[in-house]
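Structures for review follow.
The two complexes that follow have chain A in common; it is paired with chain B in the first and with chain C in the second.
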Partner chain A sequence: MPEYTLKLRRYSPESGEAAYWEEFTADLDGHRSVLDGILQVRDREDGSIGIRCSCRAAICGSCGVSINGRAGLACHMHLDEAQKRADQNGGTITVEPMGNMPVLKDLIVDMDAVHWKKVQRVTPWLIPDGEPPEREYIVPKESMVDVTQTMACIQCGACVSHCLSMEVDPLFIGPAALAKAYRFVGDPRDGQHFERLKDLSEDPHGIYDCTHCFNCIEACPKGVAPMSQIMRLRRIAGSDHAIDDRNNGHRHENAFVKNIERNGLLHEADLLPDSYGGKFHPRAVPELLASLPVALKGLQRGKITPKKALLHGHKADQGVKDIFKRIHSLEDRYELNLYVTGKDEEQSGAKDNDDIVEGGQAHGTPSSSSEERSPNSV
Partner chain B sequence: MPAHDVLIIGAGLAGQRAALAAAGAGASVAIMSKVHPVRSHSNAAAGGINAALNVDDSWESHAFDTVKGSDYLGDQDAIEIMCREAPAEVLWLEHQGVTFHRNDEGKLGTRAFGGASAARTYYVADITGQALLHVLYEQLMKNYETVDRYEEWFVTAVVQDDAGEACGVIARNVRDGAMELFAAKSVILASGGAGQAFKPTTNALICTGDGIAQAYRIGAPLMDMEMIQYHPTTLAGNGILITEGARGEGAHLYNAQGERFMEKYAPNKLELASRDVVSRSEQTEINEGRGFPDGTVALDITKVPRKRTLEALREIVNIGRDFAGVDITREPIHIKPGCHYIMGGVKTDVWGETSIGGLYAAGEVACVSVHGGNRLGANSLLDTLIFGRRAGEHAARRAEGMSMPTPSESSLADEQAMIGAIVRRERGVGRRVSEIKDELGEMMNEKVAVFRDQAGLTEAHDIIHRLKDESRSAYIDDQGTIFNQDVLGAIELGYMLDCAEAIVMGALERKESRGAQFRLDFPKRNDDEWLKHINVSANGGDEPKISYSEVTMTQWEPQERTY
Partner chain C sequence: MKVAYWPGCVSRGFTPELHGSMAKVAPLLDIELVELDRACCTGAGVIAEHNQELADTLNARTFALAQQEMARGADLMMNICSTCQGAQSECQERLDANSGYRDRVNESLAPEGLTYERGIANKHFLWIMVEEIGLDHIRSLVTRPLTDLRVGPFYGCYILRPTDRVGIDEEHPRDRYLQQLIEALGGTVVDYAGMNKCCGFPIITMNKDASLKQAGRHLGDAKDADADCLVTPCPLCHLNLDLQQPMAEKAVGRELDLPVLHLPQLVGLAFGLDPKELGMGKHVVRPTSVIDWSTSVVAGVGGGVGAKAAGGS
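Moving on to the complex of A and B:
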């Protein structure tokens, strides 16, 4: 049986000592999980190792940890794969508690203090209009398949652990809770779509607080793709409900898209005024004034030159124009969905991902996000 | 001390449903669980929930399938209630927000399941249990003002008043180790099964028979405990479950010689015969040398169209890839029968009342008995919800006009002393708790599995007695109070040993083959002598007592059972 060294982050709040690393050895087949390894050393050597765990099959969401610096489920990472990754970086498999949440003991974090509070924030229950029908609500088949992607969330907190926005703004509602919000906004039975979207758009820590870093998509062991759900919330808020949020999030996104459509490459000097309705828009003036110190600093350090700022040499080429043309010509917004991906008759050698991108995607959701997401392929 | 009209132990589907029902009936309610509610094992129920909701289906048909599936050991009055109330329950769930699969008309759609004469299983892909559990938790979050939640509290004992009625519990806050006494007019046990007494098992690590043992220890009889369901499709080694939904969608079983062996054992229903039948067939193939060298047979899901598999069986695509290294859309996966569910449990009536006043049980912890000798797939979710709700409603009614009991503080001191004694046990003198647990599990899986006999069961009985002795000095490492999971493991071991003893005693007593109990030495069903429930009750320090109770028959006389 191969041996694996597991370097665990230990912390006992009762000891009064700081957190420390401790190494253990597990002998198990490489296809067994890191959790199996931890449970083996806990059973054999040290019963005081703290880790939440239950199902061992990536369903219950208990064993969220950070392995070799990446958040995920301990039951969902094979020992041999963890070792392979560790080899690229020091050689020992390290397991530590998830980030962005306070540590209670060893690998156990306080999910109530962060994760569940944020979930509670999005009014996480269905609010239908009026009395329920005598039988079931009749809804399009696709809509139920669609929200099933967010129902697949097991609330493990891996995305929360890796959220860069939350690191900067601890009040950010965050990927898991916003994915939960989509579960209601995408559900035709819910009667509060506009109210929910308005609320999440206007909240400065809401849907426009995400910075598209993709970390949550990478961390999610269930293919929920929280960032994609956040982007869908934005599209539905801005495009379908015309919610003009006070954070200027929607206008900023539009300005971005138009800027690229025009220039092919981002013309940053235009972006800010465009986000506020153009250089001469009354709302843009105070914003431009407020950004002057930053601009001056940029000028001083040579990061901005008057030439670059005023004359953007680049114009969108035909390739960029074609992409925009194709997107504008689509009748429906194409939404990525985890549960409908493959075809009955697949093309030989084609990867599943090819099926997803067929038809084009209106927005920048990575096609590789959910399909083929294995614990070991991130 | 905290006091509630209705205190529910366990926050899986049965517990959460009971909480919502009791709160809806106006009671002050608290729900307590040793893990966060969404970590509960109801998550693992993948395939769906049965209900005769289609206009061309009938509750009688569902009930008959259930009776037949139970090998006529199920109580037909309880089965009738469950099947009659199933359609309304599924609609209630739909109205709460469960994202059930729809057909092309946008109405609820079904899939086929084992042992059923119609496609009446409603589902959310293959995460039905998870979807239900999370939606009910949404409702608990919504009702936070009427349902108090004690998340990560571990119950060590149910407390009785002088008259022997349940009047509260003693629990340990896992987070800080504080022990507290809770008063309650009624206590509902909804803490699940005891699958961890077997190794491997599909059951989660938390399924350690807590509620079954807690009720048993204060005198409630356990019923049908010998009836342990071995699920036909689990992964060798780690016991991870492959949903019956796979066969429901059209997957086939093959032995190592490429024969579709179910043609031999169940020529009509084939792979969709009852679970006990399919598991025995597989085990026979394996025992007679027609399995693969790793002691398995093959489940071939490539028969199911790939798009359908990706849409409706997504979770097992992931499980195959992550836990067996197999792409189930392209190749067969090796599986074997594995411990999955306990049909038996704390004996209750159709309102979840146990023989102890004020103590209810619902879900896998209970035995109503709707599953009898063998549970049909997709009837377990239904059982948890129907009888969880009924227990919640009944307990709330019971609380009306009753004054709050004041349980004695002395029981709290006893439990504190019990835990202190475990923590102080000398290390290295006895065995490790984990060692005893492993031996128990492996032994049960060898001697109390698909095929049983007198010799093996007697040996099992003796071993359990030895392990019980050893557990009294078994030591742990963690001396702390914050998240001391080690000491909880020692208490859980005691629960599992009590359950294992009752299971083996029931299996020894039942000298026939019925449902999940197959005795090599008594290979036939014997209705004349054994068409009755076996109850096991604690008897102080002595050997537990065996008694019998009648099987309730309403409209279905026992017949020969073929699929």
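Moving on to the complex of A and C:
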């Protein structure tokens, strides 16, 4: 039986000592999970190791930890895979408690203090509009399929653990709770869409506090893609409910889109004031004054030139302007969600076979397959 | 090698030294840059947040323009901005996955006579250096090794995550290319907590305090690990880490004074180019810890920086 060294982060509040690392050895098949390894060393070597777990099958969401610095379920990571990843980084499988939450004991964090409080913050239940219908609610199938992605959440907290906005702003409502919020904003039976979105937009730690780092998408063992749900909340709040939040979130989005439609390339000198409502908007003045030292330093170094700041040489190609006009004139916003649709069969076939060259041939590119393969399919 | 080159917006806006240094380094690597001058901003995630189909269509147009260049002999498409790369990869993932959707998007490109064909090879300059040019060849081009220079890699989120979308796997450990490259150039890699984290730039107008705290924290971590400088393949990260560094210092309440280099600048230094030619005088944080300006000799002065910080505190 292969042996795996597990380096565990230990902490016992009653000892009064700081947390420390301790190594254990598990002898199990590589296809067994990191959780199996931890449970074996707990049985054989040290019964005081603390880990929370239940189903051992990636269903209950109890055993969220950080393995080799990445958040996930201990039962959802094979020992051989964890070892392979550890080999790239020092060689020992490390297991720590999740981040952004207080540690109770060893690998167990206080989910109540952070995760569940934040979930409660978004009113995570259906608030129907008016009296329920006599019989069942009739809703379009697509809208229920749409919310299944967020309903797949098992509340493990992995996304919360590695949220980089929460790392600097502990009040950020965070990925798990905001994904839960979308579950109701996307549900046609709910009657509080506007109120929910207004609340989450105006909160300085709400949807516009997400820094777009993709860590939650990476961490989620269930494909919930919390960040994508946050972007959908922003899209619906701004475009469908015209919520002009005090955090400049919607204004910034609008300013950015208009900037590109006009210039083709981003004209940074306009973006900043426009994000605050325009150069002469009362909200913009203090912000612009505050950023004056930065702008002056940029001018001094020749990074920003007065000409560049005031004029913008580049104008959008007519083709770009036409696309903006065309897409904005469509009656419905079209959104493709690969979680729902999956990928075309031909592509999944190609993915399995590394020798298949994808696309590109028609363009006369040189026929070396490595150059023609999509970076997504390597 | 000939590439259909997308420089992005910021490299021609507030970080002109990136575009400039890329132009200096490319001939040394035998890369011919064919600029996609009709293309437009990738949207940096913001246009996708506003309207997914709009972002996908604008980027499909850029891909189609690149494919025209590829028909004329370019080998692949190249970015020099992590955010461009990530935003385009996201759109490409959807466009390549679903033929019906691709047809729909191509309909919007039809008036210009453009079509996007599935499977464009689109790579960041960092990936091209490691995967197409090769570290051995890079090593052979080094005339001024970055000996004793302690460099902290700062990737930027868009080039790291989600791993499957940006093509990170066993064969392509793209999340370690910066470390490999720094070593190939003769420098020393500084391992620090912020290497794979977010610079905070996307929320600078929405939550300035949180944004600057992110930048300040990572710069501080690198400083504490005795870095002489950071290197980043993302100009947006550069804005928050360099342009905003004086503000970040205030947000985290400590002196930072840590220079941040663009990827082509670091490569150019090792290839013997003049720091001024690489636009290193355009940084807000003067790269004095990297360069002795009078002689243009690269000198790692990690001890000196540490001593200065200790003296200052």
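To be clear about the criterion, the second predicted complex is superposed on the first by the 286 of 378 C-alpha atoms of A that agree within 3 Å, B and C clash if a C-alpha of one lies under 4 Å from a C-alpha of the other, contacts with A are read in each partner's own complex, and residues count from 1 in each chain.
By our rule, a residue touches a chain if its C-beta (ideal position, glycine included) is under 8 Å from a C-beta of that chain, and two chains touch if they have at least 3 such contacts.
All of these numbers come straight from a predicted model, not from anything done at the bench.
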**OP:** Name the contact category of A:124: first (chain B only), second (chain C only), both, or neither.
**Re:** first
Exercise for the section: Using the superposition on chain A described above, determine whether A:168 touches chain B (first), chain C (second), both, or neither. Expected result: second
- Task: Give one of first, second, both or neither to describe whether A:211 is in contact with chain B, with chain C, with both, or with none.
- Result: second
Once the structures are superposed on A, label A:328 by its partner contacts, choosing first (chain B), second (chain C), both or neither. second
**Item:** Partner chain(s) touched by A:286 [first = chain B, second = chain C, both, neither]
**Value:** neither
Quiz item: Once the shared chain is lined up, is A:235 touching chain B (first), chain C (second), both, or neither of them?
Solution: second
(message) Tell me the contact category for A:256 with respect to chain B and chain C: first, second, both or neither.
(response) second
Identify the partner contact of A:268: answer first if only chain B is touched, second if only chain C is, both if each is, neither if none is. second
Of the two partners chain B and chain C, more of chain A gets touched by chain C
Note: overlapping chain A surface for chain B and chain C spans 338, 341-344, 374-376
In the complex, the residues of chain A that touch chain B are 12-14, 31-32, 36, 42-44, 46-48, 50, 52-62, 76, 78, 104-106, 108, 111-112, 119-120, 124-126, 128, 132, 135-141, 144-145, 147-148, 151-155, 183-184, 187, 189-190, 338-344, 346, 352, 374-376
Within their complex, chain B touches chain A through residues 35-36, 38-41, 43-44, 91, 94-97, 99-109, 124-125, 127, 130-131, 134-135, 138-139, 141-142, 151, 175, 204-206, 238, 240-241, 305-308, 310-311, 314-315, 318-319, 321-323, 325, 329, 432-435, 438, 476-486, 489
As the complex stands, chain A meets chain C at residues 84, 88, 164-165, 167-169, 172, 204-205, 208-215, 217-218, 231, 234-235, 238-239, 247-249, 252-254, 256-257, 260, 264-268, 272, 275-276, 293-294, 297-298, 301-304, 308, 314, 316-317, 319-320, 322-324, 326-328, 330, 333-336, 338, 341-344, 347, 358-360, 362-366, 370-378
Chain C residues touching chain A in their complex are 9-10, 12-17, 38, 40-41, 43-54, 56-58, 61, 67-68, 70-76, 86, 89, 92-94, 96-99, 101, 104, 108-109, 111-112, 114, 117-123, 127, 131-132, 157-158, 160-167, 169-173, 176, 197-198, 200, 202-203, 205-207, 209-211, 213-214, 217, 243-244, 246-247, 281-284
